[in-house]
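The letters A, B, C and D name the chains in turn, as written, and every chain counts its residues from 1.
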C-alpha cells in the first residue's frame, strides 16, 4: 500500500528572499517531496499557500494519508476554514507532521490546544539531536545522535502538552535544549512535531533529517479507514440500549433528538 | 491563601425549562458556588453568558484562580474573543474545570485540540463512578466508587487526547463506560474534565459530586505567579547566549528582531 | 518479514482441572498459537512452565519477536532467573503481551514496577469491551464494542502505572469497570496488557479476542535490531566528548573506568 | 501538617574517600536533611546502609511521608527484603525521590520496571538545567534555567519509562542532554527522579538544587491515609455484586475463596 503524502509549504521565503530561493530552488516543499519520493511505498506531492484553498481542498485531504506542514512568515494568511478542514481530517485519521517554525502554524496550535511558544536565536549554531526513545520507529536506522552544523536555536520551555513520547531532544551550542521530536494522537490521527529546518540552512537535504521525516511518515500513517464523522456525538435511543433499561426521571430531549453542539 | 473560583454557566435551561428552573432555582452555577463556599479556603463567585462579556472580562480572569465551566444549549453563543481570553488565562496558570456537557464548550475544545465527541442517552439511568487512580488528590475522601441513581449516559469513545491521569471511569446501567475524570496541563494551567451533571437531575447537590469539585479546585489551583506573557516567543540575541557563540551563516532576521507569529 | 511469536502458558489448569482440560485440549497456549498461525506473516510456537527453563532459554528469546504470557496458579513457580531474562529481552526490543491473570505474573509485575492488583469475581457474567482510542492499530477491524457472554470480572482500581494509551475499557454486568487494554514501552520493548481470558470460558476461541491478540502482536513487534546491551551504562571518556572539554575538579573514577551498578 | 522525610544514603564514599568526606562531613544525607530542616513544615531525619535493616524498618517507613534515596557504590549491598518493603511503602502512598546515581538503586529500578541506564562522564563539566514544564510545583521559585559549574555528565538515552511529566532537561558542556527531572506515580505513591548530585562536587549545597528537593518533597507528599493493603486483590462475592447477578457457567474457585498470587 502506497502512503500518499502532501507536503504543504507557505512558500514565501523561497520567493521573497534570494538566500532561501537559491538554497531551495524547488521550495522547501519540493526538497522534502523529492526525498520522500525516493523512498519505497511513499508518493509525495506538494501544496502551497498561494494555490486556491491553499491547495488543500476537502478532496485533497480525503486522498492524503499524511500531511506535512511548513510555515513561518505567513501563518496569519492561512484561511480559518482550511485550518478547520485540516484539523477535522486529522481527527478522522490523517497523519500530521509539523516541521520547525510550524510550531506556530494555525493547524498545529489548534491540535495542541496550547501556545506552542519557545525561545529562539538565528545564529547558525550547532545543533545535536539525541534519540531519547530506544528503537522508536521514528528513529529507525539513526545513530544515537546526529548533528546539524548550522541551525536556528529553539529553546525550552516549549509550550506544548506533555507528549505521548519524546523521541528527540536537541543540544544547542549556545547553551539551550529543546524537545525536538514529540508524538501525539488527536482523534484517530497521529501527530509528530520535528524541530529542525530553518529556511536559510540546507537542513532538508541532510540525510538524517530526511530519514526522520520518512520514518515519521510511516509512523503517522494510519491504514484504518478514515472516520467519516469525526465530530459526531450520536444519540443512543433508550430502546437500543445494550442492556435493557427504561427511561426514568425528567428529560430535556425527546427520544432520538439531536444534541446541542 | 484563599482560592478564588469563578463558576461560569450559560444559564439557559434554568430560565427556559421549568424542570431545570425548579431543580436549580439559583442556577447550576449558584448550586456549585454555594457548595464551594462552604469549604475552607475557597471563595466562589458566578458569571453567566448573559452578562457583558459573559461576565469574564480580563480583569475577572486575572482575579480567578480556577474557572469552572458549564454549558450545553448555547455553546455557539460564546464569543470567540472571550474564548481566546479564557484559553490564554489557562496557559498563564489559571485552573480550568469543564463539567458534563462542557465537553463541547468552545474553551474546552480549544484546550484539548480534539473533537471531544461521545455518545449519549438521556434516560435517567444509574451511573457508578470508579476511582482509577489510588489516593489521587481529586479523589480524596471518596470511597472506591459512588453512584448517581439518575444521570444522562455518556459513552466511549470520548474524543479527547490521552490524559495525564485517568481519575474516574463510569459504569452505566445501559451498558456503556466513560472516562469521567481526566487531568491535563496546558501551558502553566491545570485542566480537569468531570462528567456528571445533567441539568434535569440534582447531581450538583450530591455530596460526592461536591467533594470531587472541591478537590478538583484545590488540585487545579496553581499558587505560582501567573505567567504574564504566555504566548511570547522571545528572541535570545547572540551576544546574550549563555555559552559564547558567534553568528554564522545566512540570516533571515536582524539581531534582536521580533519573530513571525 | 514473519513475526515470530512464542505463546507461554503455565499449563496447570489444563492438566489439573477437567473443565479447563476439556475446553482447551491443546492448552490455552495451543489455542492462541493456532489462531495466530492462521494470520498472515505470523509464526507462533508455544512454551510451558514444565519445560526445562520453562521453555524460554536465552536462545529462544533471541528468536522471539513477541512473547505472549498466560499464568495464574503457578506465578510463584516461575524461576527468577527466567524472569530476569524475559525482562531484559523486553528492554532489548522484544514485544510482550500479558493476558488476563498474567497481571500478577512475575515478568509483568517487574515491567510495571507496581502491584498490578485489582478486584475480581468468578460468576460467568457478561463483559463488554469498549474501544477508547479511535482507529488504534490494536483495535483494527473491531466494532466500537464487543461482548463476552461469560467472563470473570476484574474491577478497578487496577494497580498499574498510567499507560501510554488506554485502548479498551470493560463494562461488567455486576457493576464494575476495568481498563482492559493498556499500552506501555519499557526500554526498546512494547508491552500490552489485555484483560479477557479466564480459563473456564472459551474466550480464546472468540473471534474478536483473537483479532485483538493478532493486532497486538503486530503492534508490539519492533522490527529494529535488538539492543545487544540493554542494561549497559557506558562511560564516555573526556577525550571522546563531542564538544572539546577538559576534566576539572576532583574525580572518583579513573578515566574510562567502569561505573558502579 | 509536618511532612516527615527520611533521607537515605549508602554513606560509602563519605567514609572511604577523603575528597567526599571533606566535602560532606555530615554525609550527603546530612547535607540534604539540614537543608530540608530549614524549610517550613518539613522534618527530615536520615538513615544509612550500615544501620540495622539499613535504617528503614517497617515502622520507619510507616512514619515516613517522603523517602529520599542516594546510592552509588553499594547498590548491590541493599537487602532485597528492604527493597520490597520500600517498594510496597511507595505503592501504599509514600513519596519517593531518587537522586543522581540512584538511577541504578534497586528500589528505583524496581519502581520503573526498566533498565534505568544512561551514558556518563566524570569531568567536572558545566550542567545547565532548563525548566520544561511551566509553573510546575517542583520548579516553584526557580528561574527558567540554572547552572551547576561542575557536575558529572549523564547522557541520553535514559532507560526509563515515559514519565507523567518532564520537569527539567539538562544541557552538558561536552555535548549531551538528559531528562533531569521526571515525575511518576506507582500505586498511590508519587515518584520523582532528579539528576544532579555527584559526590565529588558540592551540588547539595547549591541553593537551586536545595529548592528543587524541597519542592519535590512537597509535591511527592500524599496527605491521604496510607493504603493498608497495597497488593491485595480482593474477591467480590456474587451476592455482594453492586448489580444483581447470578453465577453462571463453570468455576475454578469456590465463592469467596482467595485468588492465586
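Just so we're on the same page, contacts are C-beta pairs under 8 Å (C-beta built on N, C-alpha and C of every residue); 3 or more make two chains touch, one makes a residue touch a chain.
Note that the coordinates shown come from a computational prediction; the quantities given were computed from them, not determined experimentally.
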item	value
Between the pairs B-C and B-D, the one where more C-beta pairs touch	B-C
Chain separated most widely from subunit D, comparing mean CA positions	A
Homomeric contact subunit A-subunit B: same or different residue positions, threshold half	same
Geometric centre distance via CA averages, subunit C-subunit B, whole Å	36
Computed distance of Cα centres, subunit B from subunit A, in Å	26
Distance from the mean Cα position of subunit D to that of subunit B, given in whole angstrom	31
Interface hub residues of subunit B, defined as touching at least two other chains	128, 133-134, 155, 159, 162, 164-165, 173, 175-176, 185, 187, 230, 242-243
Contact footprint of subunit D on subunit B as seen in their complex	93, 128, 133-135, 137, 140, 145, 147, 164-165, 173, 185, 187-188, 222-224, 227, 230, 242-243
Residues of subunit B touching subunit C in the complex	128, 130-134, 144, 155-159, 162, 164-166, 169-172, 175-177, 179
Contact footprint of subunit A on subunit B as seen in their complex	13, 17, 19-20, 72-76, 87-88, 91, 101, 104, 110-115, 117-125, 150, 153, 155, 159, 161-162, 164, 173-176, 184-187, 198-201, 230-238, 241-243, 245-253, 259-261
